[in-house]
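Look at the two complexes coming up: chain A is in both, with chain B in one and chain C in the other.
Let's look at the complex of A and B:
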């Protein structure tokens, strides 16, 4: 270690009480903003990885402002449009879970479809489709599982379709935690079983999903669908992604504004704190000057001292945020970011740390920190030593 | 070595009043001499020493040290002068209380960008001359008054400066410690240092090693 650095660390330890408050406040601010960045990045990562498996275009029928089932004839019409390589009807709807007064989302899927199988295998590595279809099975989201378990529905659950029959469906598996953000309240089952439970006629679907591999053709397909059926809502994968992205950017933006206000207040405190020239400060400067330190040397030494404080506050803040978000699951902040689907979301945060975010955070904090103290430090450094040294 | 010509220092108070602390001081001190400035409190002794240490600029006049007018130095050159040429011993023990005695000797050495080996050698030598080596690793806050004074001396001489300025060096010492201080000062004079002492302590009155005595009265040299 260099002698000057050694002396710097000695003085830092000597001034530990003076720096402690600033250090803690700085670390807290950093932790707050870093947590926001980590949560936002993690949510985006989870959403985009989940949405990647979503359909390119979703077609829904609206009538009098309400979502209606659409006829199966629309499938053929959609498939006839140039660029559409696949059209598939979907069955889904809400199931009211009386014990908890909550709604689950039942989604019927065609387990014989190759793409569906691939997607499922990506989500659940050990899924055996054949075994799944041998009896009435379902795959449930983490939120659903939690509620089922509360009432000891550990192996199966009995649904009551509108025709007053009973449908006993076994729990095959639970969706992974990474899908919890948008799949917490989901129940996946065979399309025919879902149709029965939701009471949807054989020639109708809840909506239709289309596969349009060429991104450039999606807009044309979108326009053609719009022309052929005026009472439709067409949602593209990008729309869904944008919706979620905007949502989290908006929430992140609110935090950025709050952070800016907190940072400005903090810098003001910092400025005032360093503007107070204590007897001890004046004495230290007088000693340094009397043994040959220049004003420039004192300012740069004090800047180095404070840079170490700011740097370690940054490191502590970032580590604190990592623990807060990824170990403890960001209590308090998670509710602000996640909000609710039908069920309270119990998504955990997948680590998503971008170096650029950390660099930005460093610059947003350390640079204003150093700028706020440079003038007060200069004032301390130019203190006349003759009065102190008597 | 030290040449003062028509040196004046005037202070301006916050309400705009002027106070002249030094009036047209002209004197000469040869290299290796020990001189004493006598005078009551407020006579201008400390102000004169601060000017000699380049901690204060004179209002007018010349302050020549080894042929150079240090009054015209910028802060940077003044700091080099304080680092290499002059050592300043104060009446109050201005030390960094939380650090050990050895660590208190670091400030004048780290700015010279010396290695740890060189720093240790210089520190050991200074502590031995100041007769305080046995307390090197003690926190200075725990030292007695006499030990603190010797710690200040050790720090002042650690860079082997040619000129040593002492401002009321025995004011806060008992007689035994004051005598120890005199022994150190004598040793420094034997080493050829130029020593300037500002004091009205009668202990210095009969000291035969003092080459010149100057009396300051209300800023005038008598």
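Let's look at the complex of A and C:
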């Protein structure tokens, strides 16, 4: 076994040039797919960890297919349903900045709510709620911060609510970088201030979130909400999770379908490339045959030789993808998954590497690689020694 | 198009299967030429070329067997992961039984692997025996395997195409809920049959009763599946209501299922190749060892249970 391996490696080193092109192209192709798998896996990990903190049920009002504000009387109706322990109206909406065609997501929070205070303190350790409420303050996401700095809004920003007034709001703090994936374009401010800027009347909410701690009761609550008003949309936590799962499958899947077309082309090139029997190849086979190698032995030897090339290309491609995604943050490719039509998202990727992804990649690349070269290698192996050595 | 076709595992599965199909089709064409024109005693140039193509066919089958084994593992893994997006399914069992193509597909995949193993054994014997006694037969056998493979692709495409992400399916405990299985055997008679067949196999193999042991090994393959599903699995899960042949393949049970099924398939392969093709004591010994190992692993948890609880049968 060992002398054979030694011989194999010697041959590979001798024919470096012959394998180099295939090796580089393979490594590149593998790196491309591995990067998307890594990006997709780490985004999934991040999003699912934040989804756990989502409300159990979200209630929205729909009219003629459009999302509307809902009356605050719905809040009491929802609270009256058995099993609902907490119902909270939310105020949020997009603030559009026309000159740059960008929009921020303004979220109003009730800073007097103890639960909210606790959550905020977990997010920003040194927040002083009292100081925050003394004047009009806001907490902004990293993407917003970057945008404001660009336009020299270093301390405050002036919003223009629909009633033509001016609202000057000071920047209190920036959300931590770890929340960048979903919180990049977010502006947090007091709920009354948010109402003013978004132009939502006092007796209305954007939507209502409900807490139903008992999992078995959720379906009943869902049904009761469904019959209470006929113009609602009710979103459960599971719906959101499934939606994201499908979204990532879809994005990853479309990429993979396109990729497999590229891969098929590569395999065809590989087939063509190996079908050209060079004199050096023929000579090598002739020498092996004349020292007593069988056709079977030569085929398996050639397969092993190329397996080593494919395998090392795989290793290099995967390592390259790791560096590309987790060290450099996957420039260009990230936009497929994050989208870039709004504020630039600066999310960094949390490492999430699954063994199953690596196995999948190996199967998708190395196996068809080997299959594509079997027939050409056999053609090389059956060349007549006497014709070459003449 | 259903969402299933965009799941990365399914794409990989289909891509690899289809590229395998291309190569196997090439091999099948060569085989047909070989069977048509082969004359064992001729010394023509054509004859010489034909003999060379037999090397190709052998290599392709070797490689495809290897790939098929990986693909089967990937297939079961895919089924397990698809159970996340198919409502109601909790493991592969629900996914497999969600349409009519699932169960035949799994059976066919196992049959193909078993047949390919047997083919390689015949090929090896043919190579080392003077006069190539199995020559024509082995190539006809390969065409049969190729046919099975084509059916396999057809079933697989249909299976994924008919997999719905909306319609709820049943979970494994529900599918295998009834103690009545296809032979309507009670559990105690199933287990008795399992151990009796095992002993009969040992006996017939040692006594060189070839046809009997072949028949028994095929029967044992099926009875083992039933026994694992309806009886032994409950001891592995340590839950009397949990009956499932797929959950033992999951990480929760340390992937023990892969070892169980591998040992069973290997044992059947050795027994069948001993009984049907080559009478070598080495093969018989291997068959006996793998059968014993299989029976030991399967019953280990059950026997452990009996000892710990001081229960007598």
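In this text, the second predicted complex is superposed on the first by the 307 of 390 C-alpha atoms of A that agree within 3 Å, B and C clash if a C-alpha of one lies under 4 Å from a C-alpha of the other, contacts with A are read in each partner's own complex, and residues count from 1 in each chain.
Assume a contact is a pair of C-beta atoms (placed from the backbone, for glycine too) under 8 Å apart; a residue touches a chain by one contact, two chains touch by 3 or more.
Treat the numbers as computed from the prediction; the structure is a model and nothing was measured.
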Combined model on chain A: chain C and chain B, fit or clash: fit
Once both complexes are placed on the shared chain, angle at chain A toward chain B and chain C, C-alpha, multiple of 10 degrees: 50
First, second, both or neither for A:296, with chain B first and chain C second: both
Which superposed partner A:10 touches (first chain B, second chain C, both, neither): first
Touched partner set for A:287, first chain B, second chain C, both or neither: first
Touching partner for A:245 - first (chain B), second (chain C), both, neither: second
Chain B versus chain C as contact partner of A:260, first or second or both or neither: second
First (chain B), second (chain C), both or neither touched by A:370: second
First, second, both or neither for A:215, with chain B first and chain C second: neither
Chain B versus chain C as contact partner of A:385, first or second or both or neither: first
Closest approach of chain C to chain B (Cα atoms, Å): 6
Contact residues common to both interfaces of chain A (with chain B and with chain C): 295-296
Complex interface listing, chain A residues touching chain C: 37, 242, 245-246, 249-250, 252-254, 256-257, 260, 263, 267, 295-296, 299-300, 303, 356, 359-360, 363-364, 367-368, 370-372, 374-375, 378, 381-382
Contact footprint of chain B on chain A as seen in their complex: 3-4, 6-7, 10-11, 13-14, 283-284, 286-297, 384-386, 388-390
Residues of chain C that touch chain A when the two form their complex: 3, 5-9, 11-12, 15-16, 19-20, 22-23, 26, 52, 55-56, 58-60, 63, 67, 70-71, 74, 77, 81, 84-85
Residue numbers on chain B that touch chain A, as the complex places them: 46-47, 50, 53, 55-56, 75-76, 78-80, 82-84, 88, 90-92, 94-96, 98-99, 103, 106-111, 113-116, 119, 155-156, 159, 167
